[in-house]
């Protein structure tokens, strides 16, 4: 176990490993996303209440899942970076942050679009959407803090601390927003909360969620690899790599 | 400069004699903060003046109608207290960072987390508590019913302690940056949302005569959580900023 | 009592650039170590490492034979660091600043003790003037008062001669020499050549 962690901590080793992993992740992502999209948009039955507009769920829910879990991954990487001083973890965190923010934005935007047929308005202070909006601000904070430091190493450490502070706060924020919501709008309709979804509806959703995760992993690997090249540009192995590719 | 009189032999402090007395250091730090602020009255007064001024803009911007003001008063008083706290945060560690005192705090044999929380406590005493004391005055201007003033003060006093602690993390993270002020608010405001919800919730409940205790209990729980997590986060952030 | 701070193969990397590497340092009692080098060569960083303030460096530090990280509390109780910034608050008087420093070390001290120490630094009459009203040299003198007020075996001083006048420079030099004579040790960065016959070690960076 420790050997694996230390191997993963070596940028060169990670670079080589990710080279073999990457095509598989892209393949799986393409396959899953294609299946899920076709199934969800074409073959799944329409909702008895919302009609076809419910199909936004196949983008909204996976994006929302990812938006939240990416923050947790990022904080985990931050912890590894701070405690064991493994710079590889920080490169991964730096690669993940904009992806997580983008997923949060997708979840927010799809929620807003969904709001038009459902509530007749683009924005409603729904508990989930509100939490998602706050999450977006948390992401922007982490990204901005990293960028604000002149020295990259300090920015990396500061971003790691903030990500960990954020991840402790996310459940608290979620809980308090839910409390606030029930206090102000006790009986209103919430997106995606439904008593029972038939298999033909949730199975494609599951596939889409898996597809989003694969897509995210593939993209993170790709971005981490370019971050490795950027940071390790002065090392022997990167320079030979560049020479070979010429 | 010292005259070269009989210089005593330099002694190396051994393990047993090195026991530093934490309470002495903490009390001295609190006294130091309070006397520093006594000489920088503006630093203490400005957030309060901002609070009063900002609150008095709302009737001008919205409407002087009492019913409307009563409805929005709990939220306004709380949101503006948030901003007033935020305004004072940038100075929390800044001057100690610039003059090298933070470096000395870090190198002292005392735990940095305890020393920095003492500074945060002083910040709360000089910002949060005065805001809480002043809030009823502004409540009058916003036509807040009399019976909710007690809850307003208690909720602000309790909540602002969490605000100081959470804000301390943001201040510690941005103290090394030349213009950390705006970034600080970006980092800290999202983390303030739970405090805002339960704080203004308490006042709203008091206005309509609902149970207030659940809200206040939640504010207390938030403060407990902040007391557990914030000190190490502040200390870790300060170390990053000092060595940046 | 002996005193020994050892650094082996010290190196410090900042954003993929090595400030210095492979540095072997040993400071024993009775020694003055002077660190020189051009701007940006990592003098301050080296001093921060030797003061136990930075921990992201390569190599190992030992205090009296034990790894520094294991005896950090004991080390902190024997070391006095003066950084680039004097470390005194502009809004407090010299007496208040010094009282706080003593308290940080867990000592209460006494007002007479602090007044005497300030007087020895030529600051009598200024005890109750806020630091912000003093000149840069006077502020530095207040910071240097700590050398005699809180006795420590190892002094780590980053540019201590900055801003003080010639008489002050001479006196501080004598003080450093006396400290080494008494069995203490000094690590100092300065552009100013120390002109006395101390067992002076010298490290040039850059």
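Think of it as A, B and C in the order they're written, each chain with its own count starting at 1.
Going forward, a contact is a pair of C-beta atoms (placed from the backbone, for glycine too) under 8 Å apart; a residue touches a chain by one contact, two chains touch by 3 or more.
Molecules present, by chain and UniProt name: A = Heme exporter protein C; B = Heme exporter protein B; C = Heme exporter protein A.
Because the structure is a prediction, the values reported are computed rather than measured.
Shown here, the protein chains touch in all possible pairs.
Chain centroids computed from C-alpha atoms place B closest to the centre of all protein C-alpha atoms shown.
More C-beta pairs in contact connect the chains of B-C than those of the other pair, out of B-C and A-B. The distance from the centre of subunit A to the centre of subunit C, with each centre set as the mean of the Cα atoms, comes to 48 Å. The geometric centre of subunit A is 33 Å away from that of subunit B, both derived from CA atoms. Multi-chain contact residues of subunit C, defined as those touching 2 or more other chains: 56. Counting partner chains per residue, subunit A shows two or more touched chains at residues 151.
Subunit B has residues 243 in contact with two or more other chains.
Within the complex formed with subunit A, the residues of subunit B that make contact are 169, 173-174, 176-177, 180, 183, 186-187, 189-191, 193-194, 197-198, 201, 218, 222, 225, 229, 233, 236-237, 240-241, 243-244.
By the touch criterion stated above, subunit A contacts subunit B in their complex at residues 82, 134, 137-138, 140-141, 144-145, 148-151, 154, 157-158, 161-162, 164-166, 168-169, 172-173, 175-177, 179-180, 183. Contact residues of subunit A toward subunit C in the complex are 85, 151-153, 231, 233-234. On the subunit C side of its complex with subunit B, the touching residues are 1-3, 29, 48, 51-54, 56, 73-74, 76-79, 81, 83-92, 96, 99-108, 120-122, 130, 141, 148, 151, 153, 167-168, 170-172, 174-175, 178-179, 181-184.
For subunit C in complex with subunit A, the residues that touch the partner chain are 14-16, 56.
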